[in-house]
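Heads up, the next two complexes both have chain A, just with different partners, chain B and then chain C.
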Partner chain A sequence: MNQLERPNPENQSSPAPGPAGGPDGTNLNAIRQTAAGMLAAADDAISRVLSGDSQAFNAAARQEGGQ
Partner chain B sequence: MAERLFGMEIEYGCAARCREDARPSRGRDWMERFMKIAGEKLPHLPSMEGGGIFLENGARFYVDCSHPEMTTPECSNPWDVVRYMQAGERMLTAIAGELIRREPALAEVVLFKTNVDHSGSGATWGCHTSFMHGGNPAEFPDQIIPHLVSRIVYSGAGGLELSDGRLRFTLSPRVRFLECEVSGCSTSQRGIFHTKDETLARDGYHRLHIICGESLCSETALWLNMGATALIVAMIEARLRPGEAVRLSNPLEAMRRFTVDPACRATAPTASGRRLSAIQIQRHYLERAESYQNEPFMPPWTRQVCSQWRKMLDRLENGAPGSVASTLDWAMKLGLFLHHAERRGLSLQHWYHPDQAMRRVHDGNPFALSNEEAPVSNKSDCAPPAVRKVHQELCEIDTRFGQLGSNGIFAALDQAGVLGHRFAGVDNIEHALANPPAIGRARLRGLCVRRFNGQNQRYSCSWRNVVDHEKNLLLDLSEPFITDESWQPAPAGFRCPDNGIQAHLHRMLSEARMRHDHGNHESAATILHQLEGFQSVLELGSHAEYLRLRAWIQSRRGFLDGINALDELAQSELMTFSLANAYVCVYRYQGLIPPLAIEAWIRRGREFLSPRPDRADGAALPFLGHWGYFLLRSGKPYDALRTLHDACQPIRRESAIPAAIARALADYGDASRAVGQHAEAAALLDEAQRLQTELHLEGDLTDFALTYRAKLETEAARALDLLGQAKAIQTRLGNLMGETRTLLLEARVLRNLASTAPHKARLHELRGMRPALSQCKLLAKILDHWDVWVRGGADPDGGRDTYWWL
Partner chain C sequence: MNPMPAPNCQAGSHNGDPPHPRLPKLCGADFELGNLVLGVDQPKGTCALASHLLLREFVGLPLALKGHSVCYCQACTARRRALEDGYTSAEFLGEECSMTKSGSDYNAQDWARKFLNNGGCAYIDLDHLELCIPEVLSAHDHVAASHAMLRNARAALQTANARLPEGKKIVALANNSDGQGHSYGSHLNFLLTRRAWSDLFERRLQHLLFLAAYQASSIVFTGQGKIGAENNRPPVHYQISQRADFFEVLLGSQTTWNRPLINSRDEALCGQWYGANASPDSADKARLHVIFYDQTLCHTASLLKVGVMQIILAMIEAGHVRTSLAMDDPVDAVWQWSHDPTLHRRARLADGRCLTAVELQLIFWEETQRFVADGGCADIVPDAPQILQLWLDTLCELRARDFVALARRLDWVLKLQILQRARQQRPSLNWSSPELKHLDFMYASLEDGLYWNFEGGGLVNTLVTNEEIEHFRNEPPEDTRAWTRGMLLRLAEPQQVERVDWDSITFSLKGDHYWPRESVVKLTNPIGFTRTASQRVFQPSTTLEEALAILATPPDKPAILSPANEAMHEPIRIEGDPHESTRTPQS
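On to the complex of A and B.
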């Protein structure tokens, strides 16, 4: 594996960026803040992409079964 | 430490939206052009197995079951799996963009990562992972099933359905499509554990093929999913039996329990009687992995996986779903769903929440927690139509969440920096676009693709080798960790480039034909799907066989497009008795009784037959058999009897295939029953059953001999036994058309409205699953007059047969 591909173990200690909840839950408030931010941002993203006629969208996006 | 190889294959949903009506059309219409652009834009070599192309990063791209499917190269660590998945998605996004540029009518091509259809079709498609191992495959189900059941607390994609008028959230939407614990099927009758063991490597290696998972957007979720599963595979290979202590008494039931509990506290009984939560089961596996993390059979990144695994379980235990709301796919979706539903005026009472789990969810919902004054909406209640409307919007959100490209909701949230899903080390995607992994055979494959790109006539690829058809040389990649490029003389099958490919395609066609004959129409269809991309290179005779086979198989599966295949065949060859008979055959299976369109083709067949009524070529017996069948369903039992008697004459049997003979005998037996000749009917059905049993024609055995025998029986118990035998086989084979007929007969024999309620419910379900059933007039009539049918009443339209000519 070359240097470009080899993951650096030093970087693997936490799933950064983003809050990590500790076993004692000390980071829960930070996590909740992030989640609240996510929902606020979601309003914008959802309103931008929703088609306005979801039933028609879902019907027209009908897929064949795969594996 | 031991290197391991694994990878992932993702089937993407696909829809295209046109400018004129601003509504998407089905993705399949655009797939051909999509593949063409992929071939133009991506350096590649053609795949010898199953169609599609191999890419210079070692991956493979193809179309499977009408879905664009990208398979990562074989990777030796979980970081690479995530990287190559993301690289593949960048390629697909670029191709979609190019397609829009070339097609002015197109406004949008939506490629998405959900695995279930929200149109009501009941369709699902897969995200499969494969793990190479050298263990004993027989030891895997027991040891890994508890992991597959419980890992959904971090690997679930999240989804929802409408059930009993309420919204129901599920951590893992694929759970709804799992019907048994262990199965060899992948398109129906799916199991938690899939027994497929196509090694794609030399002897001594096996391939664990996991199909119960879902496509994920979160890097953390995907990384952990791959890493944890790889560690468990390593332990099973080392015969450590890591799942022994947590074997579940009913894995499917446990999975269904876990998937509806976003608080991750639900428990399920183990074989020893203890009740464990999904997190506790995961902790058991984790502790086993930690105890072996320095052993030489574990991969070099074991410690990192264990560390992240423990952190994730801690987070889940300390406040799921809120604690993982911006990290895991399912928890993100749950937040979005609850939030959007509440904005639309739906409160918790509109959600299905077993054991108050959803209320706990709401308490843990980050949105609610950030505003504790309003944990439950005080907006007015919504009537069911409003719930349905919101459900449709949530389904679109589900689809749009995993939409590839910057327009997807997940992508938008990621871009806004409000997610905590990223995983350090998953980087340098640009490199993964054009370079294979450094470890494993994908490196050599990728290098060959880069070097030989543009020479598609000379070189081709498979997972196991690269072939130089001009010099008859082969680069054998069956050793998974091969490092040296050593070209050897190709074996006989590859001597001539055309013969090599044609021989392979012939083998695939033969395999599909064999599976069709044995009644395994679903797996036969899978092979034909793989052959789709090779139609242009198939020899004329093989292409005709492909089209016929496709027509037969689609009709037996209950799809209506078999006729299209015959129409295509009719454009390239003269109309013959055999081709006319093929039309009759295909129409025969389009429903429980044939549609009217069959009559025109029976007339064509009779025109061929009339100059030589005694003709005894291979088509005469099956044609007469189908004609007799049609006459019986048309209320002409004596005409049917005469025609079927003619079909079964010894002279006609001489040139007919045994499967056709057995079907005609069975039809003859059923016609004999209809006119009251029960002894003759029994003898004919005995002979048909013997033939079908001896030749392993399981589809015909269940659809003909066993079900016809059941109709002949005077004792209900004996009839139910025969139908039970038929149903067991039909269920195993995913034979939905056969299952429909058997359920109807079972209900008729049971003669009890209460005990046949599940039959009716399943029939309604089946009716929505196959177009041949949804438009079948007889099925509609029976369901409309269910009480009459069940109580043994006469056909409301005056049919004289006890079974309404079914």
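On to the complex of A and C.
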């Protein structure tokens, strides 16, 4: 993580304890946790969005030009 | 990385020209939202209805349509009623004004603009709600102010939806393409010296090509990503940039057709630039109008989009331009690179080398790193070393194709992972499925967008705090003229504000006789009128009249008035060698 970046302190769960990291210093547990979190969040969002009428939504999204 | 030789040429240092003037890389931003109303069927679509209902909920000045001559054509009447009364089924709402050619002041690209307490504004541009953040000095503040403005738009959306009849719902999308051949912009505006502007567009073609090569390859971290191709480009499942397909030429002043990679529209926004009343600020300051980029939501992508551009423009301003980075065909390269989210595709440089976008970006990084290390960004690009480090970290992850890590930083990667997950979850979906395109749109939906779902879950890296974003919803930045604009708008009674623009405000005050008198404050210097420069004007007991007595410009006097208020008008100007820089007069 870059010094400009910060985790979201209100929402991010602590990394699980585990091995210090891979050969390049990466914490594999943290990466796995991020990936698992991504997938879980994606699953919820996908289910929510896809419960609607996608065809009608896409047609309604038509815009008339712009800059 | 290969060591690079010194720049080919530093204009101004080899031919006897005086040293380059430099200016802080102040940045503005304006973005059009995709907007629509579900549950309503209108012949020309629902964009006009949605944008009017959203704008209606913003509190700003001048009051709605003040200063406009009233046009009674069907379209203008419908628009006025939508702003005043709310929901309407008038089918003329999306029509052009039929009286435009005979004197109506309706402007489809700038309708019913309202300036807000935070110094930014909202208006309707070609039936999109357009949001402008106030001028900021740092990329950090750009991220906070942009998200603040999106939160303001979300609040407007929620209020507007609560007023709608049952079964109808406004949707607002922070994206740049409708997937049906229409694109709308997310523009950036950077302050640069008039000389740099002239070099870029009138004198030194190598500066233009340097910028074009940087922009074209930067989509690897600035893209929002989208499904499919548009504008007659070859079919593709998923591409990196929402805007790439719509760029057709290298250079031009147009923004709605035949779009250029680099826009040459010359609006200094620093006072009148012609005639006897020309502003000194307009003579030495210019604006670069950047129409190239996607709307980004990930903080890292947004910060890099603005921060690295600030550094690149500082280099151009200093004449630190490497001609060997010019591309053979940057317009072609943009969509070619955009159509390859695996990041393998190469594009040709003018010298015959073929590079991936990431490889070219790494060369830009090398060049930029030396410039920053030599003090080239001192005082004009806040946090330049940290921006460089974040840029390098991100480029290294892109080179390694570490998409799990990149999903925390870059919109196009995060969106792609969501779409790939949907395909895993529902094997019947393919890249042409409407469900996937629906997800693509919903990534940036203001009300319940997937991006915010991930941000709220701590799954993207953040660079600004919730408090900073909330602050910018109502407060202007303190280090640009936006502060004085915001303070003046708070001080005035709404009826007193006649006209507001970026570089001036016109008030209507009680006159000595029957007629009111006008008072104009010219804010022609975008880096003047800061809190430090102006706060003595805005004491708790100060009236508008008292503030204007200090700030306002008599109509027959030039903009710079007297030593008493000189600090509000005089730019921070850093001349010559960055190692010898001096700041006057505010240091």
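Just so it is clear, the second predicted complex is superposed on the first by the 37 of 67 C-alpha atoms of A that agree within 3 Å, B and C clash if a C-alpha of one lies under 4 Å from a C-alpha of the other, contacts with A are read in each partner's own complex, and residues count from 1 in each chain.
One rule holds in what follows: a contact is a pair of C-beta atoms (placed from the backbone, for glycine too) under 8 Å apart; a residue touches a chain by one contact, two chains touch by 3 or more.
The model shown is predicted, which means the values in this text are computed figures rather than measured ones.
J.: Is A:G65 in contact with chain B, with chain C, with both, or with neither (first, second, both, neither)?
T.: Touch partners of A:G65: chain B and chain C.
J.: Looking at chain A, does chain C or chain B touch more of its residues?
T.: B
J.: Look at A:A36 in the shared chain and tell me whether it touches chain B only, chain C only, both, or neither; answer first, second, both or neither.
T.: Touch partner of A:A36: chain B, not chain C.
J.: Could you say whether A:S51 touches chain B, chain C, both of them, or neither, answering first, second, both or neither?
T.: first
J.: Touching chain B in one complex and chain C in the other: list those residues of chain A.
T.: 1-2, 4-8, 11-13, 31, 34-35, 37-39, 41-46, 48-50, 54-58, 60-67
J.: Across the complex, what residues on chain A touch chain C?
T.: 1-8, 10-13, 31, 34-35, 37-39, 41-46, 48-50, 52, 54-58, 60-67
J.: Tell me, which parts of chain C touch chain A in their complex?
T.: Residue positions touching the partner: 32, 34-38, 44-47, 94, 109, 125-128, 140, 171, 173, 178-180, 182-185, 187, 255-256, 291, 299-300, 303, 383, 386-387, 389-390, 393, 404-405, 407-409, 417-418, 421-422, 425-426, 433-435, 437-439, 441-442, 448, 450, 453-463, 466.
J.: In the complex, go through chain B and note every residue touching chain A.
T.: Against chain A, the touching part of chain B is residues 11, 13-15, 17, 22-28, 64-67, 69, 76-77, 79-80, 110, 112, 117-126, 128, 186-187, 211, 219-220, 301, 304, 307-308, 311, 314-315, 317-319, 322-327, 332, 335-336, 339-340, 343, 366-367, 369-370, 389, 392-393, 395-397, 399-400, 403, 407-409, 412-413, 416, 418-425, 428, 431, 435, 437-439, 526.
J.: Can you check the complex and tell me which residues of chain A touch chain B?
T.: Where chain A meets chain B, its residues are 1-2, 4-9, 11-25, 28, 31-46, 48-51, 53-67.
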